[in-house]
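Right after this note come the structures.
Each of the next two complexes has subunit A plus one other chain: subunit B in the first, subunit C in the second.
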Partner chain A sequence: MSDVTFKPKRKSGPIKFATIGAWLISLLFFLPIAWIVSTALKPKGSIVVSPPVFFFRPTFDNIIEALSFDNTLDYFTHSVIYSFGSVSLAILVSYLAAYSFSRFKPAGTDFLMFLLLSTRFVPAAAFVIPYFQLFNLLRLKDTYIGLIAFYTMFAIPFSVWILKGFLDGVSQRFDETGLVYGASRFHIMFKVILPQVKPGLVAAFVFNILFVWNEFLYNFQLGGAKTYGIPVGLFTGSTKGGGIDWAYVASIGTLYVLPLVVVIYVFQKYLLVGLTFGTVRGEV
Partner chain B sequence: MYDIRLENVTKEFDNFTAVDDITFTIPKSSVTVLLGPSGCGKTTLMRMIAGLETPTRGRIFFGEHDVTDVPTRRRNIGMVFQYPVIYRGTSVRKNLELPLLSEKLSKDELDKRVDEVAEILDLTSVLKRRVEELDNGTRQKIAVGREVARQPRIILFDEPITNIDLTSKMELKRSMKELFSRLKQTIVYVTHDQTEAMTLADQIALMQDGVITQSDSPKVIYENPNSQFAGWFLGNPGMNFVPSEFVSVAGTKITSPLFTQTIDLGSKATSVDILGVRAEGISVSISQVAGACAATVTRKSIGAGGQYLLDLTVGGLLVKARVSHSIGREAKDTVWTSIASENITFFDSSGKALSSEIKVK
Partner chain C sequence: MAEYALEVKGLTKSYGSNVVLDNLSFSAGMDDFSVICGKPNNGKSVLVRTIMGLETIDAGSIIVRGEDATQAAAGDRNIGYVPQSFALYPHYSVLENIEYPLVLAKASKATKTESVARVAELLKITDLLAKKPEQLSGGQKQRVAIARGLAKATDVYVLDDPLVGLDFKLRERLIDDLRKTQEELKVAFVYMTSDPLEALSLARTVMILANGKIVQQDSLDVVYDLPNSIASMNSLGFPEANIFPGELSGTTFTSVLGNTKVKVDSVASKVVAGLRPEGISIDSVAGKTDAKVGLLENLGSEFAVYFEVNGINLVTVVSRTDDESLAKLDSKTVSLSYNPEALVLFDADTGMRIGQGVSNV
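Then we have the complex of A and B:
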């Protein structure tokens, strides 16, 4: 080994510079959101003008007007039902599957795990037509059951992967201690192990809700008037009058991101842990 | 309480036999230590007793009950793992009483049980503390206490103090000794650490390659190992062995460069191949005495209690001898060694001890 030299403590200058840079880049990413929100709050007359208006008296007129459109509230209800319904169901199923993969290691676990994820290799658009026909045939088109089943299927693979990583990080001795104490498997799964993989559950939940909440294509094809969500509503509603109604787009867009902002804000502390899953954990 | 009977218990993994046809009884209300090197099958055997592994063949009985097919949760056992299982975010008291909550005990009975184990394990002062504030030794005490408070008929310990730092280890060992003397349960304790085994065991079951090679009280197993393996594994350092090329057998008499006397073993002498002697069985003197062999000191080290450990070369043979502080300090270059005949253990060529068959005349 060569001589060890101690590096002098880094001066604060470059760090401050880096921090400012990071903030600027973050703000750049935030611009579209800022545009959407500010447009929603602008008076009708100052939305599409050149040069753009930066200072204005905020008004809720656009939002109130957008909400009073025929189906707007229905779209929200639909979106909430199928998104949260399918993702919650997917997390439950995935947790059971991941527990089994992690603890009982059925023959061919690695291959099965690969197979599971491989369903996400193909672009979703490739299957729109077959699914459309299948849903028609099974009379599932424009039903919650159909949409929830579809999105659940879509959310399972990724959730199983995330959760298995977390479960592998929880030592089997917790299960075994539970067994010794006379607990049933279900008790161990839901009372002993589940609390320890909360960050994983939250991460899986958030990632999948982001996906399903934003999904347009399948909702458009497999849904219908009774189940169209906000993305479809936004698309059809914005072009209703011939041109594009920017006030409508911005208002709905603003309301649309709010639930996700709330979900992510609430779960933030778990999410940070969830994003670093797969890091090696030692026994404690 | 129950004894634990193993009948022809075998456990095979893929192409490896971890436990090989063991028939053995673990006596009730006593401490049995399964001792052996890593990979000898001791943990697998314990996990089968717990029901966490299923034997490939053989039956396991608790008393008269065949529990081979009984799931772990119905076996009414306690088990302490190598890494302490504690429930974070709760107090020590909560950790101790958690498994008791499902038993619908009265509040008084619950508190009584918890306070009792806390007192024995010296946890009373930390009962209100949160478990994450405590060191690993204390956490393991909590895990031990939780099992004891449940009062199962059988408690299994799987190397509970292996991963604890040295100071806490000594303390934990003392607490366990104290605890075991009060418990009436059947206790099975797995370890690869012979000092733990010597301290805690009522009887040691020594394991090697999936079989129990000897089971006796610590004193007997130390003084009368039935195999070279037992002699080598127990004791620090292990027993000195005199290989057959240094052992001459003439009729009923045996001689060796290690000692001057000729030992008469009667008719069985011919089967003797290897001799064994413990480090403390070799007496060393600084000045020449009658009947002693000259030995060269090649290395000296000081051990626990101020005793010295000497590496000696006697007639081309390397042996280790444990001597008192004063002799150890003075010993240099040449010393004189002698070995009393009763300190010699005789082995045949397969490493089996012949002590039960032959007597020194």
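Then we have the complex of A and C:
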């Protein structure tokens, strides 16, 4: 026994290698964003050249020019209004629904939950034409009400799923204690339980903002000049002058990802918890 | 003032074919410390939840302060409540948790401040008021939960096994605190517990919950000394009472412990005897019963000593300071004697009491 010697594991070797690997892979994922941002900051003359230019004096000319186009600011305003409007509404509705599913457990809850998610099984393109006709018929085309209603409907299934997971993790004893002390159901929902599922609310909010913010097809088909968002603006604006305006694409693209970066950065703490879908549970 | 703080009549609750509460009735007096003692899975939680209005019932009525509250909403019953799980709101401070019932009752600021100070003082948690529940130990959380339950002044309180899972010393202290609190406030406490020792140290009136019924309700002494059924006898005291078979002929009961003259109220074809551990004592090294000494369990101030007599297991308790008895245990077999008046006879089929011991024969 005593002659067996243990070689202490070198701490730095393999771990450092793994870290470098992780960084390299992450950077690979980051490349498109790096390309967009760097292109946006390049002088016009060095954007589409061979060999590519890696070192240049950054300029805001492209971004300022892109912003000076007639519709650019409108696209942003539209995007912000229908994205944040619909997702906020969806979170509220989903919270009420998820609370009911979690607490009152109506007959067939599991099936209803499945049914809810099944609306997302069908490819979006399959419904474009019926929705187009429906929106024309109801005079909802190119209105905020129409777009917000549509995106709200789209954001609800995932939100309900995420929130129900979180609510199931919050003991019903909290609700009951409140009831016994004379609290109303609404008080319990919003003052007692809601603060305890904040990470779930944030996770649901961010996931759905990512989705609606990036949605192109329905905005293009159901929207119009008064409600087109950035994806549509980017698409239509990039070929305005005949060729492809890479400076415009890159500038708008940069501005486009900025709000998402900020939102995710601010809520990162909650998101990490949110990504576990409330499965890490603690009893009280 | 109503005679009873809480009356439950014919309460029945079943889940599917599983009858949890079976025509259960009891009453808890005003100013009384009533303890409902039942082993786990005997419907204790369901009973609490029905009393509090958190669960619907199939039949029966719940009367609070003489008024029928069977259909009243949970919040309208005005019963102070300490839940078994603390259910302290994690996003509130201790202070906010305690004053929560008062906030809901729209109490004035002065009332809130005064009530919180009072219960915090009572439960010795004044220095914890600014903390968040996650910063508290289990015992502190429990005391905060009790304080919250007591914060809103009312005259009927239901405490659902609030000391379960706490360490021994803390329980002792909280038991003491609770009893003093109840005496000081002069209110009705209905206290649920699954711990037979806790019941013994708290109860003035004790009710035994078994098989979905209150099988016996009486003063602690009566329930302890003269249990009306095997279930009742088993629910109180630790170690659990000895239940052993024997033959009854006329007024003589014969068992492994010898012959006992008994007083019988009714007849039964098969009879078993119940005898609490302290009813048995170690007599001598050699004698009429041939009891093999088994396990010695250290309970702190006393030992539980297990014996085997002709295939029947018996247990008694010996004080730690009783050197004489302890010395006798060194031999492998001893003779046991018992207090015949502590012997209770049950009908083996129904489990109900049919008589009791009078003297040795």
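Quick notes
Convention: the second predicted complex is superposed on the first by the 268 of 284 C-alpha atoms of A that agree within 3 Å, B and C clash if a C-alpha of one lies under 4 Å from a C-alpha of the other, contacts with A are read in each partner's own complex, and residues count from 1 in each chain.
One rule holds for everything that comes next: a residue touches a chain if its C-beta (ideal position, glycine included) is under 8 Å from a C-beta of that chain, and two chains touch if they have at least 3 such contacts.
Predicted model only: the values in this text are computed from it and were never measured.
For the composite obtained by superposing both complexes on subunit A, the positions of subunit B and subunit C are in clash.
Between subunit B and subunit C, more residues of subunit A are touched by C. By the touch criterion defined above, A:Gly182 reaches both subunit B and subunit C.
Legend: residue contacts after superposition of the two complexes on their common chain; A:Arg173 is shown touching both subunit B and subunit C. In the superposition on chain A, A:Ala125 makes contact with neither subunit B nor subunit C.
Shared interface residues of subunit A (contacting subunit B in one complex, subunit C in the other): 171, 173-174, 176-177, 179-183, 283-284.
Across the complex, subunit B is touched by residues 171, 173-174, 176-177, 179-184, 283-284 of subunit A. In the complex of the two chains, the subunit B residues touching subunit A come out as 50-52, 71-79, 81, 83, 85, 99, 102, 150, 163.
Chain contact summary for the complex, subunit A toward subunit C: residues 171, 173-174, 176-183, 187, 192, 195-196, 283-284. Every residue of subunit C that touches subunit A in the complex is listed here, in rising order: 49, 52-54, 73-77, 79, 81, 83, 85-91, 100-101, 104-105, 152.
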